[in-house]
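Questions regarding the structure given below will be posed in turn.
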Amino acid sequence: MADLILSDIRKSYGSLEILHGIDLDIKSGEFIVFVGPSGCGKSTLLRSIAGLEDITSGELRIAGELVNDVPPSRRGIAMVFQSYALYPHMTVYDNMAFGMRIARESKAEIDRRVRQAAEILQLTDYLARLPKALSGGQRQRVAIGRAIVRNPKVFLFDEPLSNLDAALRVATRIEIAKLKESMPDTTMVYVTHDQVEAMTLADRIVVLKDGRVEQVGSPMELYCHPGNLFVARFIGSPAMNILPATIERAGAPTAVRLTDGAVAHAPIETPESAAGTKVSFGVRPEDLGIADELDGGVLFEGKVDYIEQLGEVQLVYVDLGHAGEPLIAKLPGGVPVARGAVIRLTASPGNLHLFDGDGRAFARNGATAMAA
Amino acid sequence: MTAQIVSAIVTVLIGVGGCVVYFWGANRLLDLVFPARGVSGATAIDNLRRQGYIRPWLFIGPALIVLSVYLIYPVIATFYYSFHDRGGQNFVGLSNYSWALGDREFRQAIFNNLLWLLVVPAACTFLGLVIAVLTDRIWWGTLARSLIFMPLAISFVGASVIWKFVYEYRGDGQTQIGILNALVQFFGGEPQVWVSTPFWNNFFLMVILIWIQTGFAMVILSSALRGIPEETIEAATIDGASPFQIFWKIMVPQIWGTIAVVWTTITILVLKVFDIILTMTNGQWNTNTLANLMFDWMFRGTDFGRGATIAIVIMLAVVPIMVWNIRQATREDGGH
Amino acid sequence: MARAPGKSFLGRFGVHLAVAAFVILWTIPTLGILVSSLREKDQIVASGWWTALTTSTHMEAGRLASGSDQVEKDGRFLITGNLFGAGDGRKLTAFGIRAQAPAEFPAGTVADLGKGTTLQVNDDGSYVMSSPVAFEGDRGRRVYYAASIPPSFTAGNYKTVLFSEGIGRSFINSLTVTIPATVIPILIATFAAYALAWMRFPGRALLIATIIGLLVVPLQMSLIPLLKMYNGVGAFFGVPAKTYLGIWLAHTGFGLPFAIYLLRSYIAGLPREIMESARIDGASDFEIFVKIVLPLSFPVLASFAIFQFLWVWNDLLVAMVFLRTDADQMVLTARLNNLLGSRGGNWEILTTSAFVTILVPLAVFFSLQRYFVRGLLAGSVKGG
Amino acid sequence: ELKFKPGEDARFHWQDFDDLQKVDLKDETLTIFGPWRGEDEALVRNVLEYFVQATGVELKYSSSENYEQQIVIDTQAGSPPNIAILPQPGLIQDLASKGFLTPLGDETAEWVKENYGAGRSWVDLGTYKDKDGKPGFYAFPYKADVKSLVWYSPDNFEEAGYEVPRTQEELQALSDKIVADGGKPWCIGLGSGGATGWPATDWVEDIMLRTQPPETYDKWVTNDIPFNDPAVVGALDIFSKIATDDKLVDGGASAVAATDFRDSPKGLFAVPPKCYLHHQASFIPSFFPEGTKLGQDADFFYFPPYASKPELGNPVLGAGTLAMITKDSKAARAFIDFLKMPLAHELWMAQGSFVTPFKSVNQEAYASDALKKQGEILATASTFRFDGSDLMPGKIGAGAFWTGMIDLVGGKPAGDVAAEIQKSWDAIK
Amino acid sequence: MADLILSDIRKSYGSLEILHGIDLDIKSGEFIVFVGPSGCGKSTLLRSIAGLEDITSGELRIAGELVNDVPPSRRGIAMVFQSYALYPHMTVYDNMAFGMRIARESKAEIDRRVRQAAEILQLTDYLARLPKALSGGQRQRVAIGRAIVRNPKVFLFDEPLSNLDAALRVATRIEIAKLKESMPDTTMVYVTHDQVEAMTLADRIVVLKDGRVEQVGSPMELYCHPGNLFVARFIGSPAMNILPATIERAGAPTAVRLTDGAVAHAPIETPESAAGTKVSFGVRPEDLGIADELDGGVLFEGKVDYIEQLGEVQLVYVDLGHAGEPLIAKLPGGVPVARGAVIRLTASPGNLHLFDGDGRAFARNGATAMAA
């Protein structure tokens, strides 16, 4: 039982406020992922939870207990540092065993758990080395290993996989997922930049921006119903295409007119008052398709500017003619497109997004959207 | 007065400036003689290689010259004297050495020196470390450090006065002006003549050096402590380590190199210590040490041969430390 | 900023307590001489310095005025006067006329000295001795008394020391010796330490070991050969043998092994990637040294500077050997030393000069403290 | 600035000053290295000032706490001062034997013999062997200390009805009386930091001179008789009987070695007195409590001879500083000549803390009666002997002997102590 | 003109050989990406090129010149360190300006270039800060900035983007691509763990394993024609499914029988001698489709073990019944699959891969494969 309650957490360095009042309710056993642009305060928030930073104001409760003044060692946490923080004078083995030795676990138990973690992280060959004789990825794995051999109530991970190669990353990610499954009561808080990690691991994702929570929700919720423009662009890669548009007819569905004249009908309810207002129209690159293949009418037409081949898919950058960023479409690798050629794209209405002038999403009739 | 101050400032500027000019100028000159910028690639690389051979010597050159003149040359002279008689004129072979071996005072000094070597470096380093750690993060740490540093700033003569007022003995029943005896008396004990209590008086003298040198250890160690990556301490805190465990298992190992430096330096200092002994007991009551004995023979006995012989013995005592340090240095090379 | 290890109230309190204990232990002896330096010469050896802070009772002896001062009044001969000087804070509680019973009579009582002679001493020290016959002799009678002495301090010792002749000049001389003798070894040693830590050349390990070995060379052994050499050089070039340059170099030489040893061990520990990065940025060794190594070595440079400053500042022997002893070159330690009597019993001068000389090094210590920066390397490399 | 205006005070031989003015040393420098610091330095500078004013020489006087060390270094390194003035004949002997001193010549030796009280003794004192073993007169005595003094407080004596003793036997009786009165006769303090022990050597030497003929003393000092000769052991024994008897010394035996010699006389003036007698040389009044008036609050008597040994007369133990030329020059010679003038002595006599065996000086020039009395003791001495420990080699006189004394007061039998010292002596032969 | 020629480069730490003879020929202006598992020697190789490690043996030529003994500063390189290696006592601005100051560029020029780089890397607000007051990602950006303000012949990047968030990563990646385009003569060597980075940026990818080069080729070449099992599994995420199989009929096309009986026909030429031998059969998750939707016969049938929803796609883990790793299929997000249900999968013959007993790929008639 280790739920985490953050109420109005603020943190300043000198006069510079980094966290502007974070409210968060993390249930025991939940897997929470923090995402957000670099420098938005993820590490700071994590470190505040760990007790490594004194929070300037607000309350932090772990398992119901106010821990504002409880030292880190008494909070029952394990943490993977973004900068590893390995003990430079200890071998990999000792780095991992340190916490358990402190807790006076038996030699045999320590050995068992260290070896097991080393196995998972493919570190068995390096157990006797000092950190300085390790590669970047190996160091990161040691940092992870150090956390997972312990048995805390709360796990804190600060970008634990950023230096790992794809295969190892997948493997470790799965290990973390399994770890989570094997300890259903353990709460995990995880910072990452990797969409895939966030999507696959999280029960809920917390999107941070400039020290504020933008949205909290399950991965699918964030993907399908981003609460605002920021989240919409932040979740998903490449980012959602956002275009200026005007509401032609409010209500449900709403009709919007794009700059180049095309009209899209989205199953989104807008208040009557919104009619005629300028809104942002969003569509994800992967929701776009070649117009004649799909049922809807042509939404976009433009010249192919640039193609990025990614193997099974390709990213097509389409110049819509008017100034602004190119539209990106993610098309299957097989679709023949040529640079410079004109391309017509469309998307199904259920995959369209609308944001008001302040960037807030219009409420959507969820069910219809999904079905469409 | 102003003229004096101005001339002092000029003198200082000349002294320091000359040094700066050398380093800057020598490097400049090297760059000019073997230019690496603005010449063809191959020449530049050749020149760079040549620079690479020469530059280290430019860097250590002044140090080497100064060391040779001020230390190596005297060492050679000392070595020479150790085979000569009291005036340094007649060669006497090894007789000074054989004298030393047979001399009771010399053996006593060696024994005392061993005691000092066992106790003082360890105590200074340990206390210095503990104080450095404790004062590291409290708000009045700087003040506390300054107070503990203060003994180091007091000259040896000053220190000996201070300790006179600590160890001073007055007959039983009289007003004690030494605080130690006053305390003893206050608690109903009998005042002691601390500096002449056999065997233990060595320790009372050591206390003085410890009192002085702890500040030294503290200063160096506290600058080293601040170089420890903060995150490793944070990580250990999260790992549940107590402050003690963090101290022993995380901080101490990370500044081990510095601890070794401090230890080595104090060990060597102990080999050389004589001021305290000279002013407190002059080696009487069996408190002599090698350095004081050397001093005695040099300036009281005016026997340069024997003085030099003892000096050579002191220098030989440092050989193990040198060997250990060579090892250390070569190991670092591998790690780099 | 992260917190101190151990955040509990008890933990923190314990730290403060422990530090306080150390500080007290370390300061008591020094406090002893500080107090002593503010006391009268005689007081220093008469009672423990800690009693100086409280009122104490002392047995003392005084002499009454001699017979030549007597007046005749009402047929009796009177000698009056005061045992205490004007403005004296002492209070007399009892007096006596025999050394064996120095507090026989309470203050103010009239003591019968026999043969009709009486003596009355009041608590302010004033006395009246009266006798039916004239007093004889030119030696006043000795009386004994118990006086309670309020804490009394004097700045006299400091006056003696601070206003002694030539002290200002010596102060400047000391600085003239000390500043270059601190800066020059730092410069020379840092370059050498950098070379020994980060440059490759044959014989490096051996050099390091030699330098450590040289740490042990006893200063006293070096003086004679060096002075001989100075005299030789001086005679050869027709310049004085004892110059500031000479003493700077001497102090440099004596301080170098420790400087190189200390600095090398620190510089060798700097993260290698930073140097590599600078190297790739095109910096030469000289530039790396000046722009990267020097600024990053501030803490250790500051520590060494403190020590070297101290040693040179407090040094007497080297200065006496390598400098002339006239006003032009006499350093502060030598000057203060000369205030001491030939037999060195002037505790008041010793204690006072100990404090006078301590001030400059302490100021240096304080001002260099701020270079003991925490986390100087923080944020530079990741991993570890 | 001259302290006494030339020609004005009849106590001084101003003629000397006029003579001195005939010596022209305008372009000369004279460096003098002496043992006097603090107040003494001021006094000696006052004297030197006359030399400077008269001759026009540029004079540099310096001293140092570690002057022994420094003179060794300076001479050895070849940059000695012109004149060195030292109180240790042992050290001077060493310098002479290494050839660092310039002989002062037979005429000077002759002069000393003629003009100084117990002149022979002083000449012997200044005569050392040079590098080749040839004896020569090197050290000119200037400023003496009388050591055979016992200090006391006349008031205390008066009150207790004690008389100044004239013989050792009377002294013994006095001591017994004091004990019987419940007091402690002696204050003895041997503490002197690194030199701890030396005051006891003065005791022993004084006792030696009172129990043995001067020839034995001389042989002892040169180790022609061993240190553990019964004659010496006897003297050690006499001293140890006093110093190790808790009844006889203030603070008890254990305080003897621990008490600083500078603090120890203060016991005389304590209320009630801690002791009644203190054996110490003529310099000690500078360590009396501030305001103590010599002659009134404190006085001394001559450490008396044994009535049972009338043949030994009135021996005096003393010490003094000796001037020598470490770098010859015209000015250095002129300075030695200056020291031969009564004026050079009188100028310091008049400032106090100076005693001289020079017979031609005007005794009226002494600053106090006490000094005058000391001067008389010195002038009327039947035997004068220089402090033996200063005559012994440094390692003994300023080493083994001191250590031995500490052992002695620590309770070690005199015979063992003496044997131990002799062993050290053997080791340096 | 800065081509890089590595011949038989070896590097040992003590007795431990890390690089076992690397041969590589990098043309001037090429963009080369090193990939490989963590600890395989990528950083070491990069550092050897930079001259930070003395190579134990072999020859390294830059622009034709043997540079084995040339100091790093004279090799005309800029490098981004995996561990940042920022100058801790200098502000961000000074960190970036340092190299140019050393090269004595004019103040104005320095300022211009630093500000430009800061703009690109969104560091403008942090120019006056010290590294210790930066977040992990910000530090990394400074490290990149430091390299790009200089004007080297060769750029070396060691995982420059690993701490950046998706959006910034894409942006920086594009900046690097643009940078490359704007300096066609500059050679770039880039170490990454990110498939997308490798695929989009590289002219050629070098796959390293345990200090040896496994394969060198353009991204598409490696994706479509992995030279061996290791490369096949390493490139592409999730990794290619590899299954044991037996060659039933050699020749072109080859028929292989999978363990559970299905027979696949791949347009791959195998020597007659191979008939009947055991081989490894590979198919990428993204090349698998639901059997009835695609033309080929059913290749795999199994129970859905686990589904990872990634938004537009889903990863379906299929238990094929026999022991071994589950088969992974990447299916469009919309395809309805249920955990526990039986699923049938197939793949088009052109997307099948065959590897012999040693793991080497059988040569494929490239053209046919692509067309199929």
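Each chain carries a letter (A, B, C, D and E) given by its place in the written order, and its residues are counted from 1.
Quick note on the criterion: contacts are C-beta pairs under 8 Å (C-beta built on N, C-alpha and C of every residue); 3 or more make two chains touch, one makes a residue touch a chain.
Treat the numbers as computed from the prediction; the structure is a model and nothing was measured.
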Using the touch definition from the top, how many steps at minimum link subunit B to subunit D?
1
Other chains in touch with both subunit A and subunit C:
B, E
So which chain is the furthest away from subunit A, centre to centre on CA atoms?
D
A-B compared against B-E, more contacting pairs:
A-B
Going by CA means, which chain is nearest the middle of everything shown?
B
Looking at C-alpha means, what's the farthest chain from subunit E?
D
Determine the centre-to-centre distance between subunit A and subunit E, using the mean Cα coordinates as centres, and give it in whole Å.
23
Between subunit D and subunit C, distance of the C-alpha-averaged centres to the nearest whole Å
32
What is the distance in Å between the mean C-alpha positions of subunit A and subunit D?
94
Would you mind pulling out the distance in Å between where the CA atoms of subunit B average out and where those of subunit C do?
20
Two or more partner chains touched - positions in subunit E
71, 83, 133-134, 136
Which subunit B residues sit where two or more other chains touch them?
36, 157, 229, 231-232, 234, 236-237, 241-242, 298-299
At least two partner chains per residue is the criterion; list those residues in subunit C.
2, 6, 45-46, 220, 224-226, 284, 316, 337, 375-378, 382-384
So, in the complex, the side of subunit D touching subunit B is made of residues 65-66, 68-69, 72, 76, 91, 94, 97-98, 193-197, 250-252, 254-255, 257-260, 274, 393-395, 398-399, 402-403, 406, 410, 424, 427-428
Write out the stretch or stretches of subunit C touching subunit D in their complex.
40-42, 45-46, 59-61, 63, 98-102, 139, 142, 144, 220, 223-228, 230-232, 241-242, 316-317, 320-321, 324-326, 334, 337-346, 349
Residue numbers of subunit B touching subunit E in their complex, please.
36, 41-42, 44-45, 48-49, 52, 334
Residues on subunit B engaged by subunit A in the complex (per definition of touch)
229, 231-232, 234-242, 245, 249-250, 253-254, 256, 335
Residues of subunit C that touch subunit B when the two form their complex
2, 4-6, 11-12, 15-16, 18-19, 22-23, 26-30, 32-33, 36, 44-50, 168-169, 172-173, 175-176, 179-180, 183-184, 187-189, 191-192, 194-196, 199-201, 204-222, 224-226, 229, 244-245, 248-250, 252-254, 256-258, 260-262, 265-266, 268-269, 272, 284-286, 289, 299-300, 302-303, 306-307, 310, 314, 316, 333, 337, 347, 350-351, 353-354, 357-358, 361-362, 365-366, 369, 372-378, 384
